[in-house]
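First chain A sits with chain B, and in the next complex the same chain sits with chain C.
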Partner chain A sequence: MDALTGESNIVYDARGLVEPNADVPKISSIDGEKAEFDAQNLTTRQINLELRWLINEQGITDVTVKNPGAKHSLGVGLLTRCKITFDGSLGYFGCGIIDGPEVHVKGRVGWSACENMMSGVVVVEGNAGSLTGAAMRGGDLIVKGRLGARTGIDQKGGTILTMGSVGSMTGFMMQRGRQVICEDAGHGLGDSMYDGIIYVGGKVKSLGIDCVPGEWTDADTEFIDRKFRIYELGTPPTFQKFVCGKKLYNYDNLEASERKLVL
Partner chain B sequence: MADANVATERHNPELTVGISAEYLSGKRFPYQEDISAIEDVDLMEATPGQDLNWLEDITLLVEDGVPAVFDRYSNSFVKIYFEIPKGREDEIARKVLIKHLTSGNSYGIQLKEAHAKFPQPELGPWVKGSKTVGTDWKRSVLPGWEAPAGH
Partner chain C sequence: MCGIAGIIYKDGHHNVGQDMTRMLQSMKHRGPDSTGYALYAPPTENVVLRYTTANTTTPRDFEFQDRLKRNRAEAERRIQGLGAKIVNCEQETDYAFRLTLDYKGELKALADQIEDISDCEVLSLGHSLEIIKDLGDAETVCAQYGLEQFQGTHAIGHVRMATESDVDISGAHPYWAYPFSDIAVVHNGQLTNYFQWRRRLERNGHRFNSECDSEIIAVYLAEKMSEGLSLEEAMHESLEELDGVFTYICVTADALGVAKDEMAAKPLVLFEGENMIALASEEMAIRAIIDHEIDTYDPYEKEVLVWTR
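What follows is the complex of A and B.
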């Protein structure tokens, strides 16, 4: 196992960087439907292999990963209902392309966490990097810290909720879904958004092209109250609502097949 | 009635941009015509967490002038032919979709057995105990073709 860790042992071939060891480590301690393993000496590939082996072949529904070590691309491509706890931080692209898992990250996450998430729940205790929830399609992503730039870029569904602030160009080209930002938002909020709703509890440095204030309705109050209650986030602040002004709205000119891409 | 509808759906795919679930499967399903077939669907049970989760984005749409719900797993519309009670539009759409997915009738799910590349539940994350598919995927082989040198 040690031979595979460390930069000097990274292997390259004609296609680029590869992790050569495709053997499932099978090191978890299993107790009924729960399992736990220490990822400290495992590569990204081995950690993901172990997770898939536990969930898909051993019938485990609750996994704790100790010492994830901020490695990249952990917990990706999991397509079943299960609970995963990362007892530490994740690197880039954590929990991408998931469809069903409920994930709890006790640390922070790097760029593009939950990219293209289809369904499930991800709760991050710390901060998250740029591009969090990029192209997300469904589910709830709760970040208790702050978020970087371009949060929810190309978001096509789901809810991104942060208790902190967000960076510039948040909601860029957003097409559906909801973002709840409890503190400030950077420049260019909602730039070129097609649809969806962005709620901001703090100050907005500037709005992006075609992002305009929206009219608050009872449905907005119900939605905000429900999310804060379910995730035990306390009393919600007073939010401003932003939507697409639809000045640049050219959906009718798109081919119908393209319209489906955002459904 | 169902057969006649299927016949009209069987047009040239090159000439249309609309795809319905009936076109892909070749038949219409009972839950498209009878509301009682979907009344027992538990939406909260079918979704992760304590909320509607991804179904929050599912709403009743219209396709070809017919109420429909979009199935993102097969990129097609499931048309709904029964009368939808007022005030329950989105709920009915969600129930029809979940019934469609959990019944294994979604074309995207039907393709999994043959084409899933890594292990996953055949019926998706909505059905407990669903069979795992994708455990023995093998690359397709084109007879007589050899990879170029260096690949």
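What follows is the complex of A and C.
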């Protein structure tokens, strides 16, 4: 009758973490400033500890992680300029809150990749799940496959570029930055966006509230061409441009000093 | 949170019990309360009945063991009373049984007779479907019920983090679409018009074993199919009529389908290979059964996908 007791076998440490082992595995093969390790039999915590040990303590600038196995939360919180290659796919919350690294994911990434990314570059060869680049603040996120729903929700800066399509509510409450979507966009594109620009190369199922077509300028052409050139993405398609209509909220023309008087 | 998974082979039967266990075990963190399987073996002439004679909420008093024995004896007496011949009986735990029956009568009558006994619940009834669910993680349930060797053509599974109803066997997924044989559902999400649909379906003569909103989906789909809709059409209709945030997987004797609500707020990752389709709330579940690099994607909002064997 053991199965009816409702008890689980998960072991928690005193802080409630599922993985109590905080020892750095130190299993990498190191060659000068390059290192490589196999993540097959490591936990999420061990993989991230190994990455930090290599980058912060061993002075490694180029790390390859073999067999990441779609584990969650890999490569998060890295605040150093370095190169990291994931030779496979990542699960949820991969590369979140990074500031500086240049990351190459050879597979796909799950939900909420690059959440709160501050700077650096992330290139994903495959598809990415929903909420990619949520609250992103800077850097370039390049996805060569397609993206899920709510891409770049609450985006505050940086660029999200996908060679494929995106799901519904992409750019929801976007505040700054740019999104470049080479194929189609789902329902509610740019809903309630405050600012920023969304370029779409395919069809848009529907625009969200206060998202309107924008006027194309030379700066747009220069921006698109530059990104395609840097990341060797070929010839860009013809894009439509979408911006905030600025009718949803009470935008005013008060100067900062005047606002002080009013408030 | 909960985790759901599904797998369907295009090239005959495989060790589906083992594969589903690996998928569910890798998502243990999404739901440690209970684990459930709906496994499909090649169809047989006989009827396979899985039922329990107690639940976690059944009082564990001094008479508990006696009640288990009495319930089992009464269930078998009623089964035989309906003209069914018990070809084989396997007792998997103190309270869970798998019966193979030679029975040509109405399945609903059989299910009703058993569930009329206090604390007894029919988990599944059909020519192909077998539902197994219990508390604990996938490896625990697999070992307890000997699923490692289960050969089948397709399956769905669920790891549950209970949020809206008790941690017990009747609250665990998958749900059988009583009284329609060989249809089952696993679900991740919440239905906000649960009571509305429950009342409607109850008025049509259906009964529900749990307070869990997911049970509605199985019966809803089965009823639509009994009205002449295909599985795919019924699933499309569900996206209009069921309200809430949800992703669910439905299986019949020869098909497996997945549906996402219009917000696509519950995750699902999909892999379509040459010989199999595997889908799960998290990619690591798919990778638990595939040892090479694969291309996966998330279905979009309001998407319905169905595969037939």
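Points to keep in mind about this one:
Here is the rule we go by: the second predicted complex is superposed on the first by the 232 of 263 C-alpha atoms of A that agree within 3 Å, B and C clash if a C-alpha of one lies under 4 Å from a C-alpha of the other, contacts with A are read in each partner's own complex, and residues count from 1 in each chain.
The rule is simple: contacts are C-beta pairs under 8 Å (C-beta built on N, C-alpha and C of every residue); 3 or more make two chains touch, one makes a residue touch a chain.
Please read all numbers here as calculations on a predicted model, not as lab measurements.
Contacts of A:130 after superposition: chain C is touched, whereas chain B is not reached. By the touch criterion stated above, A:209 is placed in contact with neither chain B nor chain C. With both structures placed on the common chain, the touch criterion links A:248 to neither chain B nor chain C. Shared-chain residue A:167: touches chain C; no touch with chain B. Residue contacts after overlaying the shared chain place A:70 against chain C, while chain B stays out of touching range.
Taken together, the chain B residues at the contact with chain A in this complex read 17-18, 47-51, 53-57, 61, 70, 72, 75, 118-121, 124-125, 128, 132, 135, 150-151. Residues 14, 52, 56-57, 77, 79-81, 99-102, 118-121, 137-140, 157-159, 176-177, 226-227, 230, 255-257, 260, 263 of chain A are the ones that touch chain B when the two sit in their complex.
Those residues of chain A that touch chain C in the complex are listed here as 1-6, 8-10, 18, 69-72, 88-89, 91-92, 106-108, 110-111, 126-127, 129-130, 145-146, 148-149, 167-169, 186-187.
Chain C contributes residues 28-29, 32-33, 56, 60, 93-95, 134-137, 140-141, 144, 167, 262-265, 267, 269, 282-284, 286-287, 293, 295-298, 300-301 to its touches with chain A in the complex.
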